[in-house]
Structure formats: C-alpha cells, structure tokens
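Some structures to go through are shown next.
First chain A sits with chain B, and in the next complex the same chain sits with chain C.
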Partner chain A sequence: MGALPMDPMQPRPFRIEKVRKELADTFTLELVPEEGGEFRFAAGQFNMLYVMGVGEVPISISGDPGDGARLIHTTRAVGAVTAAMGNLKVGEALGVRGPYGNPWPVEAAYGSDLVIMAGGVGLAPLRPAIYQALANRERFGKLVILYGARSPSEILYPKELEKWRGRFDTEVQVTVDRAAEHWSGNVGVVTKLVKRASFDPLHTVAFVCGPEIMMRYGVQTLTGAGIDPSNIFVSMERNMKCGVGFCGHCQWGTNFVCKDGPVFPFDQIADIFSIREL
Partner chain B sequence: MVQIENLGRILEEHPFAQGLDPQLKELMVGCAANERFDAGQYLFREGQDAKKFYLIRSGSVAVEIYSAGRPPIVVESLHDGDVLGWSWLMPPNKWTFDARAVTLTRALSFDATCLTRKMESDHALGYEVLRRFVPVMAHRLHAARMQMLDLYGPAKKGK
Partner chain C sequence: MSAMPGEKAVIDRERLNDLISILNRQGYTVIGPTMGEGAILYDVVTGIGDLPAGWGDEEEGGRYRPVRRSDQALFGYSKPAQGLKGHLHPARQRLFAAERAGNGFRVLKDEGKAPRYAFLGARACELAAMRVQDKVFDNGAYRDPHYFAKRDDAFIALVTCAQAGGTCFCASMNSGPDATEGFDLKLAELGSTFLIEAGSERGAAILAQLSPRPATDADRQAGVAQIAKARQQSRSMVEGVGPMMAARLEHPHWDEVAKRCMTCGNCTMVCPTCFCTTVEDVTDLAGNNAERWRKWDSCFSVDYSYIHGGAVRSQGAARYRQWITHKLSHWVSQFGVSGCVGCGRCITWCPVGIDITAEAKALGG
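Coming up: the complex of A and B.
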C-alpha cells in the first residue's frame, strides 16, 4: 500500500471516517482506503488530495507514521479546493495520490538533541516527526518543541501539546503574538523561545515548519544560537501539481519542491532561500 | 553592608551585568533594591512616572496595553534574565505600558534618579548602561515588528 500505484497520476479513493474542526479555518480529516489495507508514509511527506470535481491540492500528512490504519490530514481552508474539502462529510470520498517527497530526517537525528520549531498550522507537517521522536524517545538527547500561534484560540492541537508537555522527558514551549489578561502563558514571537530552550547547539538537529517568513527568522535565530545550518531542516511550500517532478510547477532554483523537498537541509537551499523572485 | 554585598552578587548573576567593570557594578548596586511581586501584582502602570527599571531574576511579567472598555491585551512576556523598562531614560519619563507579574517574580530594581545622576557624573557608567540597553531595545523592536508581520498567517490565497 505504501508503494506508488502503477500510474502516479491516478488518485486512489479514500473514505472520510472522521472530521474534526481544529480552528476557525482549519480542520482534520481521518481517511481510510476504500480498497482496504494500510497506508505507509514517512514523517514530512505529503499527498495530493483530490476533491471530486473541484481540484487537487498538496497537503502534508499529519498523522502517526507508526499507524498505517488511518491517513490523517490537517488542512487550512485558504482557497476553493481546501474550502470544498472542509465541507466534506463523514462517509464521503476523496482521491489520494502519494505519499510524495523527502521526509524529515528523524532517524538521522538519533543521538542528537532535537529541536522542533513550528508556527501556526506548520505544526501539522511536524506532528508525524514528533510522534516518531516520542516513540523513539530514548534515541535522542533533549527533545524540545517550540510552537508559536497568533493567539491562544489559534493554537493547533492544544490537548496534544499539553500531553507532550506533561511528559518528564520533553520540553514544550508555546507562545502567542497577543493574548487577553487571563492567558498565563508566554507572549512574543516563537524565535524568542530559543533563548530559553535547553539544548546543546553543537549536537542539535532542528526541524522548522511554518510560513516562509517565520522559517526565515527561525533559521536566523537557530544559527545564531550555534546550530550548524546543515543540521537545520525546513519544509518548503510551492505550487505543486504533479507531485512527482514531471510538470515543473514547483521548480525552485534547481530543485523541484515536490521531489527534492518539501524537506530540505537549510545549507542546501540557503543561497536561494532569500531570493525574493523565486 | 551585607545587603549591598548580596545585591552585588545578585547583579553579577544577571546577564545585563555580564562583563561589567566591578567599580561600575558597585556604582549601580548603590541604586539597586531587591523586590518581590506576587502573581497578579502590577510593577507599574501606563502613565505613571517611570522612576525605576527592573532586572528580572525569576518569574514572569506580562507587558500589557490597556484600552477603556476592553480587557487588557498582553503584548509580551518577560522572564528570568530579561530587562524591564526604559521609559526612565527619556522624557517624558512615563511608563507607556502596564507590567503585571504573572507568577511570583523577583527582580532587582534600580532607582532612576540615583542612577541617572551617577551616569551623568561618570560617563563610563553612562556609556556601559546605555550600551546594555540598546540591544534590549533593538531586540524588542525586532520582536514587535515580527509580531506585526503576522508570522503564522497564510502567505497568500491558496487553492
């Protein structure tokens, strides 16, 4: 089931088993393959999700890579296809192509401290890496999760963040841009959390995901804290269409984001990351 | 005397005083006091005279903006090792925000009149204090700009 179908452009039908509203504009779909079996993927990979008769969008997988029974996608409604996806009901069908792309190098980070920095719905593509890291907790040094959201009501997966924070072996810090008086948590941008986080920069791997502007400042702060750019990984988003590097829509410099990414080591893309025209 | 020695030790432990010449440190300690704020207690409120600044030793402080008829908005949190307040440095020397202890907070406070007088008569002290305040201001400005950018919002209309 994890292998690509014969025709990589042919979506497979999945049935919606559960719909969960996460935030005002963000929802999670739990999908199962109509033909049965399991869906295997690596943390950081994405699928092309096809809403019948409306269109297709690339969406990162946000479930547990250790659980092949359900395919989970958290999506923010930002256009016609994702809005239509958000209106789908339990029992309705969705076409799925994938999984595609380069994953987060979770196993390559074994033996290091792991810092995970996410902003807004950027936590969704990182959640599989968090699940995998927690399932293999003894293989890492410090595990630090830094998360920023606009406001307390826009914190994604708040119950899971609380659960992870409740563990004695994981540091979870959450911050928001602004809050009302009753919020007793942190206020400020996510990059400000780095100073207070506990990790050894010389032996740390960092995964960063969020809007590009957040990743730009996130990488600046992490390198400023002493983490080598080759140990910082970012997940890029471009206009992906085919998902397999045929069409060229997601070309970014010499890379195809769908095939060479979406996860890149920062040193590999540092030269083009700041080019505004790309 | 014992108390001043203690304050000197406390000041030395704070990042603000890192690398500060011992003589200048001693001058600063002469204007310092050890303070404690319970959760919910205000360190200062907008519009009051800014007669002090604070080096937070432990705890958490919310910097808030108050607007009539609306609940206060927290715009920043400060923690151990942070510096709170620079309104004492420039006219009209009034606080422009409220500062509220979110948890039990311990801080060194510095009397602005005392310190300003010393800074004016000892320019080495004046230079060192301002040199330490400029990066704090720059970081806060940078953080405020990033908050204005809406870092976590979608970049553009998508599919």
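Coming up: the complex of A and C.
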C-alpha cells in the first residue's frame, strides 16, 4: 500500500517568498506551492499552517482571492507555533492544508451597501473581502470600512487603509482605544463609528471580525442601527486541530466552526452567541 | 446446508475455532473478548480458549468487577470494559512523517499497511457506535483514510446479549441488545450451541463452512426469549432528550453536576463514539525528521478549548455541559443520530458514578 489516498490531514509544502513585519508581534508571509500551480480560495476561508516538527495552527487567508499566484497569511505571534512561524525566513517551507470553511458572502452582498467592521488583527481575515469588494466596486452601493485598533502603533495595514480612504467611492473610518500624542484621529471603540457611517440599513450587508467581545457589541450596534441580523456576518475563532470536522475541538453548540463557519450569518447563531463558555 | 442471509442456523460452540481459523486464513486478525488486567477486554484471539469462559461482569455507577458465572458461557458478560473504538480509531495514530529537504521538508510516503480486523463478539451497541463514528469520519466534506483503512474491510461477527449489565440502557437508545443490519454474522449463545445467521455474502460463505444445521422453532424461540431478557434494563434515557437539552443550555443543574464531576475525562475515553483528538508533533534531536501524531483528547480538559487569551470552557460545568449536550443533543443535529448508544460505560467508569441517564432526567425535570 502506498500513500493513503486523499488524506486531508497531510500538508503540502509551500515556499516562503516574502516576509513582511506588520506590527511588533504581527507578520505577513507570501507563499507559493512547491509543487507549482495556483492556490484558489474564497474570502474568509482559512488554512491549517504547519511548521515542521513544531505544530499546526488555523490561520485565515488575508490575500486577494482574485490572485491565485501567491498565498498570503497575516499572523500574530501568540503561541509556540505562530512564534516559530515568525522566525521562518524567505526560502524556507511551511506546510499548508486548506482552504477550509465558509467564506464571507461577498457576492450575495452585490446590490447592497457593504459595511466591514474589524477590530485588531480581525482586519486580516476581512482584507480578502475588501479586495473582492473593491475589484467589483460598481456592484455595491456604499462601501464602508470601520476599523478599531488598541493604539495607533497597532493599526494593521495602515498604508492600505490610507489608500482605501483616498478612494472617493469608499468610506474608511479608523479609531483607537488609546491615543498617542501624534494621533489626531478618532478615539474610542469601533462601534462608535457606526452612527457616523453612511449606509442604508435596510439594504446593507455587514461583515464583522475581531475579538469576540468586540463582535458582540458590534452586532448589537449594527442591529440597533437597523440592519437585519440575517445580513450581519461574523467570523468565529475556536481551537482547531484538524480543520475538517474530525478533531471536535472547534464545536460551538451544534456547529463545527471549521466547516459550518468560521463565517456565520448572525441570525443562525443569535441564540448561542451570548451563552458563556458554550 | 447453504445459509441465506437472515436464515437462522445452529452451530456447536467448538465451531467458533473453525470460524477463527477461517478468518485468520482470509487475512483477518480476530479481535474478541479476553480476560485480562482484572477486566474483560477486547484483544487478539486465536481460539475459543482465549475467550472469557465462565466470566460475567458486575457493573454499577463507579464500579466494575468481573465475576465468576455458574456456567462456562463464552459471552456471559454484558460488555468488555473498553469498546472497539481503539481498534478503528486508535488512541495514538501517526498522521504523517516528514523529513527535512534542503530549506524545506517533504512528507514521506506511508508504507504502513492497515490491519484487517474481524470483531468476534462485538455487541449490538459496539456496532451502533461504529456506525456513529462512520458518520463522523465521513462527514460529507471529508473522509478520514486512517479510520476507513481499517473500517471498510472489518468483518463483524456480532454476539447478541443474553443479559443486560448493571449500567446498560441500549434498549432505550434503540441500539441493542439486538441488531438487524451492519454485521457479517450474528450469533446468540444458547448453552453449548450458537444460533447463527449471516448478514452478508461473505458471512454466508463462512457460515456454510461451519457445519450449520437448521434452527428449530425451539432454538429460535430461545433466541427471542434471550433478547427479551436482555432488554430488561434498569436504566433508560429520558424521552425527547435532544430538544430538551438544546433548550436548557443555561440551567442551574449544570452547576449542580459540576460539584460532583471531577472532569477526569474517563467517560470520554471509554465512550465508544467519542472521537475527539489532539495532535502531537515530535522530532529527532537534530530536527531533521518529524512526525505528527493524532491522540485521543477529551472535552473535559481545559486545554481542549484553549485559544490565545484563555480557554473557552474554563469552568467544569461548561465542560460537562459540552460533553452531555454534544452526546445527546447536538450530535443529532450534526450527524442525524444520537452520539449515545446506551452502553453505559461512562456510568461504570465514572469515579464518582455520575449517571448520564439520571443527569438527563434531572435536567429535564
């Protein structure tokens, strides 16, 4: 017997083409498959990334879904595997399994206003949706990006945020929890930006990603502004060891976050969203 | 006689030796009940001499004792201490090995050959548990080749129960003590003979070699009476438990159970359907060779739900709730079947004797 057929637990080696430091603890890797070919994914999906001998972690894809040539992941070093990943250099290899999970329903939002609300590194899983929305800009009404970071030095993708803000067809608002001296922008939580943003709540789709507490208040504010819960989507994070529904770790109520999520329409999870320790 | 599927025949108990030999010749490793380590356990058997003749079991909440029977029954116990899960979904399974290659690494071809198992004496609840795990490991989107390499070809010689154990409640879960499909052979021990029927063509082909004689009405009636007796169980699962639990995710009873539950995870280890795993990465000292292993894990550990910043389920009450609501309620939404087959092992092996049927009743009350 040779290799087991179509083993979803076996990683494929990808070569690191580029490493970019984003923040003190956050970095972006650009990867290409060693075997060649393209990597296709949908905005909001994630991969299981394997550092040889160290371990494997679920990381959302943060590149452009329209560009299959390079696989892009922005990762915050928070544990042993992500720290080891941060030490990898150009030319070294990383194992990839995926893409997994349900995407942001970008196409389903065509014809509506689109509000994107992100907190901290929660902007990384939303960036593919922003790329896709901008590439199809004429298909949407208003495009609003609301972003909150803890401090000015923790703003992810600042140059891109500036670039998007510079477009006449996109509203970008950024806020920080704690301002530094040179900061002249908004101070406060990201939910405060909602009432200033311009969108038609009856025809708006919203994507929300950030810490769970931020998403809780974010959804509350968006529904309060009149957006229907079925048009609000959140991306959940849970412990994952497999990404394909075998390991059990990511269960949340009846859901496996890996395959039933990570992106959920809020109305489907509203009854469990606020249950503690579920 | 040539046995047709569903047709009942009778064989002498010594013919089990032939059954084992035939299976061995066909390349199967025969796994059956054995007496070992103070408990009846599934292990390799090469003849009826390996079977636990004359042994029964006494089971209650937090208590298991093998006991001598007054006869020499080969399958005179309710169920082995551990089910067959470990053979199809091992406690440790290597997922792959990798070796450093230049700046990167390559995943090595797995030359290992999966064992070909025949399960002699599998209970109806074990078979039900396998069929539950089949759905987990072939979930529509992904199929686990490690599990199915062993499961696809497994030969099942089921032995129905002659009596219920102290913690059994399969009758109320519709997963025993009898089974109507999914086996190759089904046997019932009647004194020094076995009532036997084939459930598959390969089962029928083997049965034909065991010198079967047609079952008499008396044989058949004895089989029916035996199942009816085994159906008499002191415990039962409360009706409508799935929707009831889904509606009581926030309920004071969770804190009450948590006062008793030690979150040791024994219940998940002995549960024949619990499938959760974690992974372990190992390397040699130079870091040139690495392996990734999958290991049984338990939702009762704090680490199980850890994401950066802390565990999602830090409280014991939340972890017990996860286990029992998954088993009895969420499983049905996920896989269309209950995750509980009523084997009762979680009751037997709970160090403080927490009884899943009693907790379900208390929650519903």
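The rule we apply is simple: the second predicted complex is superposed on the first by the 273 of 278 C-alpha atoms of A that agree within 3 Å, B and C clash if a C-alpha of one lies under 4 Å from a C-alpha of the other, contacts with A are read in each partner's own complex, and residues count from 1 in each chain.
Methods note: a contact is a pair of C-beta atoms (placed from the backbone, for glycine too) under 8 Å apart; a residue touches a chain by one contact, two chains touch by 3 or more.
For clarity, every value in this text was computed on a predicted model and none was experimentally measured.
Does chain B (first) or chain C (second) touch A:120, or do both, or does neither?
Touch status of A:120: first partner only.
Thinking of the overlay built on chain A, is A:70 touched by chain B (first), by chain C (second), by both, or by neither?
Touch partners of A:70: none, neither chain B nor chain C.
Contacts for A:40 in the overlay, against chain B (first) and chain C (second): which applies, first, second, both or neither?
In the superposition, A:40 contacts neither chain B nor chain C.
Go through the superposed model and pick first if A:183 touches only chain B, second if only chain C, both, or neither.
A:183 sits against chain B, while chain C stays out of touch.
So in the superposed three-chain picture, is A:79 touching just chain B, just chain C, both, or none of them (first/second/both/neither)?
both
Of the two partner chains, chain B (first) and chain C (second), which one does A:139 touch, if any: first, second, both, or neither?
A:139: touches no partner chain.
Of the partners chain B and chain C, which touch A:55 in the superposed model: first, second, both, neither?
both
Given the touch rule stated above, what does A:196 touch, chain B (first), chain C (second), both, or neither?
first
Common interface residues of chain A with chain B and chain C?
On chain A, the overlap between the chain B and chain C contacts is residues 55, 76, 78-79, 237.
Across the complex, what residues on chain C touch chain A?
95-96, 98, 100, 103-107, 109-114, 136-137, 139, 141-146, 149, 246, 249-250, 275-279, 281-283, 287, 290, 292, 294, 297, 299, 304-308, 312-315, 317-318, 321-322, 326, 330, 333-334
Please give the residue numbers of chain A that touch chain B in the complex, ascending.
55, 57, 76, 78-82, 119-122, 148-150, 154, 175, 177-192, 196, 210-214, 217, 237
Along chain A, where are the residues that touch chain C in the complex?
It is residues 1-13, 15, 34, 50, 52-56, 76, 78-79, 91-93, 95, 237-239, 241-242, 244-249, 251, 253-254, 256, 259, 272, 275-278 of chain A that touch chain C.
Touching chain A in the complex: which residues of chain B?
Residues 60, 62-64, 71-77, 79, 100, 102-103, 143, 146-147, 149-155, 157-159.
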